[in-house]
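Here the structure comes first, spelled out in structure tokens, and everything after it is commentary.
Chain lettering (A, B, C and D) follows the sequence in which the chains are written, and residue indices restart at 1 in each chain.
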Amino acid sequence: MAHVTLNFESDYLNQNEQVEIILPDKERGIPGETFYASGKKYKVLWLLHGTYGDATDWQRKTRIELFASEKDMIVVMPSGLNSDFVSWPKFAMGYDFPNFFVKELMPLVQNWFPASDKREDNFIAGLSMGGHGATQLGFAYPEKFAAIGCFSYPLLNYRARANGDALDGKLPEMSTRFANQVANYGTLEDFLKSGYNTWDVYFDAKKRKNLPEIHFYIGEDDFFWEAHCEMKKEMKRRRIKNVPITEYPGLHHEWRVWDMAVEDFIRKVDPETVGAGMKN
Amino acid sequence: MAHVTLNFESDYLNQNEQVEIILPDKERGIPGETFYASGKKYKVLWLLHGTYGDATDWQRKTRIELFASEKDMIVVMPSGLNSDFVSWPKFAMGYDFPNFFVKELMPLVQNWFPASDKREDNFIAGLSMGGHGATQLGFAYPEKFAAIGCFSYPLLNYRARANGDALDGKLPEMSTRFANQVANYGTLEDFLKSGYNTWDVYFDAKKRKNLPEIHFYIGEDDFFWEAHCEMKKEMKRRRIKNVPITEYPGLHHEWRVWDMAVEDFIRKVDPETVGAGMKN
Amino acid sequence: MAHVTLNFESDYLNQNEQVEIILPDKERGIPGETFYASGKKYKVLWLLHGTYGDATDWQRKTRIELFASEKDMIVVMPSGLNSDFVSWPKFAMGYDFPNFFVKELMPLVQNWFPASDKREDNFIAGLSMGGHGATQLGFAYPEKFAAIGCFSYPLLNYRARANGDALDGKLPEMSTRFANQVANYGTLEDFLKSGYNTWDVYFDAKKRKNLPEIHFYIGEDDFFWEAHCEMKKEMKRRRIKNVPITEYPGLHHEWRVWDMAVEDFIRKVDPETVGAGMKN
Amino acid sequence: MAHVTLNFESDYLNQNEQVEIILPDKERGIPGETFYASGKKYKVLWLLHGTYGDATDWQRKTRIELFASEKDMIVVMPSGLNSDFVSWPKFAMGYDFPNFFVKELMPLVQNWFPASDKREDNFIAGLSMGGHGATQLGFAYPEKFAAIGCFSYPLLNYRARANGDALDGKLPEMSTRFANQVANYGTLEDFLKSGYNTWDVYFDAKKRKNLPEIHFYIGEDDFFWEAHCEMKKEMKRRRIKNVPITEYPGLHHEWRVWDMAVEDFIRKVDPETVGAGMKN
């Protein structure tokens, strides 16, 4: 596959943004004039990193380029700091990831690169914080994505957690993070009513019927395993069926999970396309 | 010169950080074993970008590598978002640029790369927001830097401005930015007493006597020109002399200024070293 | 401007190729949907590096991004090793730069990026070996480029030099290089009849009338100065007039020349466009 | 892990060279001053790409960073074109990979980065052409490397192949490539006597006793499988035992092999070190 590192200034982030992009690769022997001028628009996977990460993570730590090549799929990997992929109007001059994503990055990629803008050709996924981000963006813009891949981040019942003073889950850094996030939204109630609280969106039957299909992947030793089981229990209680869930025994919150998850997700959302495959 | 793009995780930023670094270049014909094993530690310029920018700006928009080569000077260019190079504990999981800079980046560069850690070999500079950042860091850690280069950002009398409700100066985005920054510090008084308010630090005679030498550069059509003149007036009033100030007629807040400023600053702070020069 | 590092596999080079690309930048405040979906195709400068260099040189050592921004011009900077930008069929599995350039790189950029493919919107330039490369490509494909910028590399009378055993000019490394290049073409006569010998192409009146306009730039202390004067003498002898030639007193074969040359060349070949200009 | 992209000029390659480097990562919570100033020198894996590839391949297409993190191992990945990692004096101004590697790259990394220069801490490996390269370099400089990893490239009996006019093996591009390589060495006999012909080096008992330990990995559907079996037959004939060979059923000449091979190789050559592991 071809590889692009793109750096451009965003109005919504108020800064330069680095984005890593994988583009389709011409098979050997096909003339460049034919291949590049075909007018073909390719499917796109929008892929988000986790806490502590950035745009370079997926390429450095998984075989994403190998998997994408088997489907000729464009992959777009932006940087989102530790923003949880929401807007932070009170940070610096404002850092608004969602508007950056849908009003700047998507138009750029779908117009300046050979990327399809059809719903059925666009998928969004992420790991950990990025799984939450993919879910938030997929729920907020269901007309833009055919499927969501949520790796190692179950829907969390923030309302229940907030009542129990347990917003911080099992991670020591979480207390500060959630306190900051609640302040970012205003009040706890503002926070709980926002798109951040994906549990409430998903388990509202009226909202759910319009959402993209969502695929969950998680290691059975993940610190989110218990929360994952709560989510499944709620699905059962509400008789929600046929949600594709993949669980990996013996694995925790780690890159080996995300490497397998992204391979499987790509194959499931695009079962038919046969890409050029990875050259050697 | 050799060029390095470094990406590493910072505890204080809670994220991956990209840093662009220029390293000395071996002259042609000198054996690699001799050159790289010499044990020589080179001088270092720490160079900060402005609002909207990032680590890549200086190399893309000026001839910094050319100027550095004439002195065999290492140049280190980190990314600082629009943070004003201060700590934002309430953003995400916390983003603490000053501690990142002195407790992670400086130790990494001065131990893992052939960089001197002596005060007389270290200089810090920046443009616009980065000039302010260089001043803040140079004032806070005067034992680490021999000189400061402040390009297109005069010392601003924030106290006077705050009283006059004019913290936003001439830039439309500034109102939000300053409101956010004041909230970041707590109260207006906290803000004014902080290291952010470099005017108060510099014009305190007791503090000033320990500070690194500071060099100012500005275009005469810069929107900060009036503020620059206020600063000079205050210097005169207090009989502060021999401050190196360079003013460029006909130029505004722009890259042509910063290209000339960084060239001049490097020559002034290191007048004697003759580097290998830029190869072609 | 936006910045792209592109890496893709070339059939003609038989390897991955890195290309640095500068793309137009959206002005602040213009909606992304409007800007990126406009369908506008921008002018393109194809810019070649010199001996010892690569795709990264122009951005690291000049202000090319600043100058391009003043015209909203796309700039494409490939890597060409020390190939002289010709084909080396006997190296490894073959390294064919000209076919890579016109049959792969140009179609990719003009189809996958918002670049114009009209002759009047395409310009090619380079420094030293890259000036020679720009001349060779511009002469070989005159239907593709409106103008050529040749920096610090005059048309060289290889035939006269060959007879005088002086193919190596003033540079010590040149003997090996020219011996290798002659062997690459087969015989000395094959070499002299090839497109490499741009002197013979240019001073053939029939061929010259179809060539793109060519602009020369050189420092008066360049080691090619004498050869440059020979070229001018030959132009005078043949009454060739109005060739734009810029000479810089006191400068030699160096980056300060190429920074000024590329700024001037861009302004001359596109005198009317007013670009967004460099943001700060 | 930390990631470095290094670009520097090489005297032996006569050009800028890009090298991708993975450096150890500080565990969260350990002070930067402690970690970076420890003086520790880390083990190093020198890792070569295959035909058509470059320095970026290993990171883009495998999980090398994940595997390296489990051992805190530095990984250095240079670009070698399709040179077969030998010297090409007749290409351009000369392209001498072996001298670049041992006289420039190794001194730079072992002096400017926290890398050990002890034999027992240095390993060299590669895939396909890079496996051949690793073998050639490991055989030529046995005092520098403790082990060689040769992935999907068996020792080839070039002498037998040359007699049978079958130097091209099964790959269509090979005829040109071998013809060029023979010409590069001078005569066929020069070629067969060179270090390129690793079969003859390895099966010379006197030479073999000083060589680093060599590990072979290959897919059972690889087009080199038959040649691999010939190599094993020759080992048996000569009663060479205990060579670590790993064969993967159902896999061919492909990245899935190399991902598994490099993971296994790192674990075998450094069985004891427990690295920080990949953060998430």
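We take it that a residue touches a chain if its C-beta (ideal position, glycine included) is under 8 Å from a C-beta of that chain, and two chains touch if they have at least 3 such contacts.
Note that the coordinates shown come from a computational prediction; the quantities given were computed from them, not determined experimentally.
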item	value
Classification of the chain A:chain C interface as same or different, half of numbers criterion	same
Repeat of interface C-D, chosen from A-D, A-B or A-C - more than half of residue-number contact pairs shared	A-B
Between B-D and B-C, the pair with more C-beta contacts	B-D
Inter-chain centre distance, chain B versus chain C - centres from mean C-alpha coordinates, in Å	36
Separation of mean Cα positions, chain D and chain B [Å, integer]	42
Contacts with 2+ other chains: residues of chain D	3, 7, 9, 51-53, 56, 279
Contact graph of the chains (line, ring, star, complete, other)	complete
Footprint of chain A on chain B - complex, ascending	7, 9, 14-16, 18, 51-54, 56-57, 81-84, 88-95, 173, 176-177, 180, 183
Interfacial residue positions of chain A with respect to chain D in the complex	3, 50-53, 56, 59-63, 65-66, 127-128, 253-256, 259, 278-280
Residues on chain A engaged by chain C in the complex (per definition of touch)	2-9, 11, 23, 25-26, 28-29, 31-33, 35-37, 103-105, 107-108, 110-114, 279
